[in-house]
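As structure tokens, here come the structures.
Each of the next two complexes has chain A plus one other chain: chain B in the first, chain C in the second.
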Partner chain A sequence: MATKREFDNEDGYQAKRVKTENGNGKVDAANNPYLAHWNEDSSYQNDFSGSGDLLTKFTRHATTAKQARTAEDGPQNPFTGRGLSDKYMSILKKRRELPVNTQRDEFLDLYQKHQILVFVGETGSGKTTQIPQYVLYDDLPQQNGKMVACTQPRRVAAMSVAQRVAEEMDVELGGQVGYSIRFEDKTSQDTILKYMTDGMLLREAMNDHNLSRYSTIILDEAHERTLATDILMGLLKEVVGRRPDLKLIIMSATLDALKFQKYFNDAPLLAVPGRTHPVEIFYTPAAERDYVEAALRTVLQIHATEDEGDILLFLTGEEEIEDACRKINLEAQDLIREDAAGPLVVYPLYGSLPPAQQQKIFSPAPPPTKPGGRPGRKVIVSTNIAETSLTIDGIVYVVDPGFSKQKVYNPRIRVESLLVSPISKASAQQRAGRAGRTRPGKCFRLYTEKSFKEELIDQSYPEVLRSNLSSTVLELKKLGVDDLVHFDLMDPPAPETLMRALEELNYLACLDDEGELTVLGKLASGFPLDPALAVMLITSPEFYCSNEILSLTALLSVPQVFVRPANNRKRADEMKELFTHPDGDHLTMLNVYHAFKSEQAQENPKQWCHDHFLSFRALQQADNVRLQLKRIMEREELELMSTPFENKKYYENIRRALVAGFFMQVAKREGSGKTYMTVKDDQSVLLHPSTVLAQSDEWVVYNEFVLTTKNYIRTVTAVKPEWLLDIAPNYYDISAFKKGDIKSALQRVSTKVARKDAEKGRR
Partner chain B sequence: MPQSDEEDDYMNMVFEDAPKAPKHETSMQRAARKRKEAESRSRQKTKAEREADAIAAREEALATALPEDNKGFKMMAKLGFKQGDSLGKSEDARKEPIKIVVKEDKGGIGLESDKKRKFQETFEEARQAAKRAKEEEGDFLEERKQQQKERSAEKDLDNAQRTAERLFDKEAEEKGTPTAEDIPLQRIDICWRGRVRRRIEKQAEKQQKRELNNSLSSRLPTLAHEDEDDDHDTKTALGHDITPFYTTLENDFGHDDPDLAEFEALSVFERLERTLVFLRDTYKYCLYCGYQYPDAAMDGCPGVTEGDHD
Partner chain C sequence: MGLAAPKNRSRISNDPQNTTWANNTNRFGHKILAAQGWTPGSSLGAANAAHAAHYTAASASHIRVLLKDDTLGLGAKRGSESAENFGLAGLASILGRLNGNEADVKKEEERREKVEQRAYVYRKYGLMNFVSGGFLVGGEIKAKNEIEVKKEVEVKQEIKSESEGDEPKSKKRKRSSGDTKGEKEETGENQPKLKRKKKSINLREGAGDDDDDEEDEDEAVNDSSSKSKKSKKDKKDKKDKKSRKSSSTDTPSSTDPASDKARRKAERRARKEKKKLKKALKKAAKEAAQSNPTSNDPSSSSSEDDDEEQSTPSSSTLTSGVSTPASGASGLNFGMNGRHAVRQRYIRQKKMAGMDPQALKEIFMIKTTS
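On to the complex of A and B.
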């Protein structure tokens, strides 16, 4: 629940969702950017300025690698007709050296003969940049106004790969080659190759169930098995049946291709070896008592005894990583002082690290302290971002304790949490592979070979098995998938996960009792938000506070705004107190946002944030998300309004609106103690120590259920039980509650309300 | 005088004839009882108890599947879903959610299973031992017989030692020399020294407890009045009459008694025999005849051991 969605911090958002129905119910394709290709008036023919015939001699799906190479050699750009630059030529030379190049004919043969193809290429094979171009020369999408799509699990990858390929093809980014990520569309009428996030393609499918603007769809990095890729695979499996003209390529970096082949009706496989060096693997003789300590020991030992080469250590989270960096630094100082080792620099790497600091990991290792002295070394202590997402050259040693933080969801107690868990064998192999990028390397696994074989699962669980699916179910409904039970996913989740998602959507009034989308559901699916947040936002005008809820929704969609550095906690807490609203964390966050937007703060917002221990990046991002959501609201004609600040109901209205979305995340205090009990799931929880709320509030809504050795609820605000009964009567149907404290408390409230109403009636 | 071990312990506040609850409680009593009960009900659980409860509740909820009256289930049933089915089209799809395991320490991969294996090994060993014991049931009966013999020997030894002390004191009284109470332990014969020592230790322990209570209360400022006027009874009640135990302890138990330790290490049968012989040699006494013979020949006694007296 309440997962944080990634938003873009650029302002390039363009209204994506246009109502497809106007007053008379006809499809208004002219105004729909997705449906531009339906429109006969718009010229989709690319203007080749007379030289387009370079490729017009090509017969679609009957070209050869030789033909394509000749065209690539120029002298004119086959796609634009312009002369080719020197840079193009030098890149072309390198491209021809890539491993995939040797198998271009083989690839074309399979591509032409089959509708679906599974392509396996290890990291460094060049598949992400080359295969889509090979496709262009044979599929010739420009000839019939189609496009080739290539999906990426990550936004950054989509952007950077598109940039690279635009250079390789000697075209402007956003011209023949473009990209599309959430809130940013860098494509034009000329675009024939579009890199995009898998989530973006899924959104497009909502408006165009057949994805009819594409002639070939390439799902890249399919081995990562993101939620969106899994859903897309299920969807495309149906689409290829309806559209014989559509070609589909599944690209994976690992050799578990059999599973993909089987899933796609025994599609043929093409494998290209990567360019990697051998990696020697070492195991520990016995299980480690403390994997962090063992990791630090190993790193220092490598530094003291092994040859030149950088070290990559995998740990699980920010705190652990920062702590490890400090300790390695301290110990290394001793080693250097005793002249037992060369200089050492340590860099942390995790998702929430500011980009500038992330960039530091690419700086070279320090030089020896004196000429001819021991060589310096760089150590990167990273989460599993460095496992696949980022490639750091120069790594020769990998230290792998075998853990990572993984999202888990359990529908029985409705908790989605990040937990430290053992990695899979595939993950361990991937980590080891990082040591062999530049030259033969070594990987130190901090567990026994027996443990590796017997305790690690083969493949990591795909995201679809580890997520709350309420958002996905809403999307699938919008995608026209009616039979959710038999929807053909590669790894279907447990039935209870679907059950819970349907139930949640029903209580949120997004699905009716038959499981059909309601008007509210359709509206909610248009917001790039979790259903609870979307519903809260859509219903907020009823509580006269849509401006505030809009801000709050944005704040809940970005990383933590409060900064609490380990060495300055007291001061940070004092600063937070300035914004504290006694009724809860949501209102406190809202106070922060309002202060941030004040003239005084905007004079120098960066400094202001620094002074007040707030994350400038998060607030800026929130500001941007707010703008994007505001546009959707305006388009949907949802009124933006506020209760006057002087009105004593100002904050109460916001709290009521909160209940309208989060009534399923409510807890009641047990007796007079510190513990709370979650409504319906009856889980005993504590308020997270970061809360501003005093322990005196009986009922609270919470944004997150955090699972650790203790159960915590985080970001909480006090509410009144009357509101629960009033705003969410279906969920708070007292007769359906289990006997107990919560039921009797609700009963008392209900009786009280009834009596008051009766008194009012008499008057 | 020898003291009995079952000396009355006045520190123990058990009233054997405590008043029983009245048959009919008055309204005030009832109110008081109700209040007490309510208090114990609303008693704040300790932190540890609460945490354990929370974890237990979580584990229970995690192990309980969603019921069929779930709204989502009903919607799925309309699409042909039945309890026990899985989703999608592949046959081996999962039916249960992925288990949630909260890692509570920094133990490396394999450590948990190492521990489990070790536990299992210990468990297995214990099981094997129990099995072996069962197989040797024949020997078991034999062993029980032996145990019975030992118990009876121990009883006799105790009797013999008590007799030795009684005879020593009798003699001392007759001669006017100090009794067992008043001579150093080392001068008591090894055969019955252990018994005296144990008694003294027990007394000392009791005294220590009293003094400890006393010193605790005296350390509290409100209670620490060393009133000159206190009469003897008050002093006794407060425990001020006792000389601090450590002085006596220091004198008698300051160092260990290797001779005694050596004697005590012997088997009960051997100790018994040596004590019986000691009684005969020193006091011309036979435990089994229960008679102190007037002459060293001990005419009429069939022998040293109990068996001789059958």
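On to the complex of A and C.
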């Protein structure tokens, strides 16, 4: 099971700063950053009387687009009372040209008459920036001390959109318009429009089930169907019933809005056309033997023969992308040398790429080598993040091999993994649409039209169907959802997935035998971690090693720290050996972190990491995550302590604490061979070649189950079977085991332990 | 690769689907779900949900994905074209004939021939072929003719993608291999050439005085090539439009004497050709082939004409709208060196021998009518 949960994903973070301006520190709610608004009620009137509210003559939910436009035209800013800048006017002119503007009246009409509204607008229609502002002019949240929230699946989007809208409204970012993302809350008491990640809103809902500080909630990019958005939809559907004054707008970019309408009790639909150009689609006449090679040939062909315009190529993973970039570069040099084409630059793009390098994709295409020569071109080789998340202007050609890496979860063997699989029709159309942003473009699909029609599914599966749900179930329990079976999700997960989640939480003692949240469960839900990691962290003081486990948790939450470049593997392995601890990879990682924090390394950490073949970015990120987690631990009054390093139990304690969280991810060696067998699920696995562990240890805990043609377990550490029986007696209830090697081994161990205890007792 | 492929063994556990877990109804999860009113076999979610019709299979059971560890393209199957390599296809056709499935065998042979042709081009140039699948407008794919009426912008692009169809491919193969083929392919081959020539004529004809004639001409071509597809016809119409447009811009340059002479010459040629077209397409084809080189006469071309000439050959001599990158005759070979290069060449030679059905048939002593 992949417990590695990147901290980059969008679930909110409770460790964010507390609003101090009005923390009067009496009630529990006062310290809770999510309930800060409960204390603000008294201050509202004062706030708005001074701000020259020109909208007082507006009647709530009875305004017209004409009224709003007059207010927008100034001369004073209707929200601040200040004069409007020239920049505002020029932006306003552009805003009036956006496709959504023509339907403002229609929108207001539907918005006023209905509680829930589904809004469909293609990319480029201006929905994300305009609709929330239209809402402001009609909902007038400042008049009764409420706010309008607009959720985004990604942090970057929330930040950049908030920035843009603040400019459009001619206010300071963090004033009337703000954003709230994990680690960062840029809002103030004046804030009436808040952009936030969907995960943040979910976190807020955990503390305030009715989301009472909002008068309108806008769920943007709902078509992406992230886990948090899906759960929010289920939740808000209930909240809307409880709170008639709350309005809800679901915004989607694709036309499968019918499903949204049905889901929200036949809510009305408003569709606005986007501003995209037609894209011509090309298919291959026959299936390709090798999609990577075909993709490269297509890119080079386009470069040699097509008009000016940049190329976007979709591939599946980091390795494939880097490889493709290298090959394209090589071939393009040949082309340029023979003067068969203009200059060409290639940029890779994937999630784990450092931000500075990600920025490079926005640089313009290279100029012709000589004046009047053939125009230059840039090629971006990307994973599916360029499908929806990022908009790159200038793309005219899209090459789509029809694959992407997608997360799937198999509840039976408890493996969550990223696998290369065919994309959906909807994603193929999204990819093609990327070619038509600036002018008419072309999309080259490296499969036949028949394959498109017959082999691709219609819609990509939403995340809720593809993930391990144990942390989601924990969140739902915290959100007060008790009947998980009938919780109204747009796509309910498979029953087996839910069962697995419940069972995992039960074994971790987060849920009691009746399915109710325990104290430990409540505590664990406060950590933005996988439940197993959270439980390991919470119980670590019992093993006198919470400092170390804290570091380890952070390290397990970030991308791989070891770098192993293809051209320098041997040297990298030698360097890794410096940190190796014979008892396992977890301890080796811990050694790395301690070395990284040493004074010697901190002099020039970047160079040090480079010299030791470690990822500076990952370690830095781990450091950051550690700090966040530490804050939560301090708030929850969990003790931070270490066994003295000289004590011979130092490492043993850490390994025991590891078992406390990961006792469900244990494998036992089969006989004296190389293969291991996972406990209870009985899957035969091999130790991943990257492990530092010799093949001699009988029992190991693992962090990750890697699904390939051979099944591997990665990041493993040796443990003793006695610990398993001691620390997780519920899970290692020998009578419940299937007859076999593991059962008899456990039985032997337990009789041995019993005999020892008896001897001790006699003495 | 067949037998030569590397062996990939993997160990499968006794219970890869973990049915022990799945079938156990005494588990905590099962109990909790059952307590909340879930019955085995039903899916989760609100009772009588309005959107229940939209649930996918993934709501009933977890998503199953085929493990993919190769770079096989979408829709491609391992070993789908390997029959030819072993000469077994010939054998199959004999058996088919013996069984009296003459028609099926013929069809299969034609199909194989097509694949072969494609393989030839592939080996020689490493090309990618594409077939247009319409336009994506606002999330929906629309056929070409639906959109062309209003989108004048598209016209220009159309021309480039004109030779995207299947026919030019056979032409390509023909030209390089140089042997004669059946009548059917002949027409397919000559179509683009004819058109190209006509365009160059149009350019010299000055402001649209005989547009109607042109149209007639086109119709004639269309009629005679009843086999050509409808989409092709569409393309041609558009091309016509384009050429007309350019001819009107061309007027001033046609006044100088040199081009005037060329124009007359061209007109004569056009008339001659029209007659022939009306007679038989075969002859017209030949004629076109002969007159083709003369149309490149540099003295007669204006600047606009030049542009046209430059773009047309590139789109018609190469098989597809996007065409050959000039990266050597045998496709791409990515940075192979030393031992690998030698080995790769050896493998390629072997493959070539294996791909030549004639040689294989001789080896297997199979006689077929083809």
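Assorted remarks:
In this text, the second predicted complex is superposed on the first by the 726 of 763 C-alpha atoms of A that agree within 3 Å, B and C clash if a C-alpha of one lies under 4 Å from a C-alpha of the other, contacts with A are read in each partner's own complex, and residues count from 1 in each chain.
Throughout what follows, contacts are C-beta pairs under 8 Å (C-beta built on N, C-alpha and C of every residue); 3 or more make two chains touch, one makes a residue touch a chain.
Since the structure is predicted, the reported quantities are computational estimates derived from the model, not experimental observations.
On the shared subunit chain A, the superposed partners chain B and chain C overlap sterically.
Contacts of A:Leu484 after superposition: both chain B and chain C are touched.
In the superposition on chain A, A:Ala432 makes contact with chain C only, not with chain B.
In the superposed model, A:Ala304 makes contact with chain C only, not with chain B. In the superposition on chain A, A:Gly515 makes contact with both chain B and chain C.
In the superposition on chain A, A:Arg213 makes contact with neither chain B nor chain C.
Touch criterion met: A:Lys450 reaches chain B and chain C at once. Considering which of chain B and chain C touches more of chain A, the answer is C.
Contacts of A:Lys259 after superposition on the shared chain: chain C is touched, whereas chain B is not. Within the superposed three-chain model, A:Arg500 lies in touch with chain B and with chain C [touch as defined at top]. By the touch criterion defined above, A:Gly673 lies against chain B but remains apart from chain C after alignment on the C-alpha atoms of chain A. Of all the stretches 24-32, 258-266 or 330-338 given for chain C, the clashing one with respect to chain B is 24-32. According to the touch criterion, the shared surface of chain A, contacted by chain B in one complex and chain C in the other, consists of residues 284, 286-294, 401-403, 408-413, 419-422, 446-448, 450-452, 455, 461, 465-466, 483-503, 506, 513, 515, 675, 681-684, 707-710.
Chain A makes touch with chain C in their complex at residues 122, 254-255, 258-259, 262-263, 265-266, 273-274, 276, 278-294, 296-298, 300-307, 327, 330-331, 334-335, 338, 340-341, 401-403, 406, 408-413, 419-422, 429, 432-433, 436, 440, 442-452, 455, 459, 461, 465-466, 483-503, 506, 513, 515, 675, 677, 680-684, 707-710, 738.
Listed in rising order, the residues of chain A touching chain B in the complex are 284, 286-294, 401-403, 408-413, 415, 417, 419-422, 446-448, 450-452, 454-456, 461, 465-466, 483-504, 506-507, 511, 513-515, 671-673, 675, 681-685, 707-711.
Per the touch definition, chain B reaches chain A in the complex via residues 42, 44-45, 50-51, 53-54, 57-58, 61-62, 64-66, 70-76, 78-81, 85-90, 93-98, 100-111, 113-114. On the side of chain C, the complex with chain A involves touching residues 8, 10-22, 27-30, 32-33, 35-38, 40, 42-47, 49-51, 53-56, 58-63, 65-69, 71-77, 80, 115, 118, 126-139, 141-142, 147, 151, 153-154, 157, 160-161, 164, 166, 314, 318, 321-327, 331-332, 334-335.
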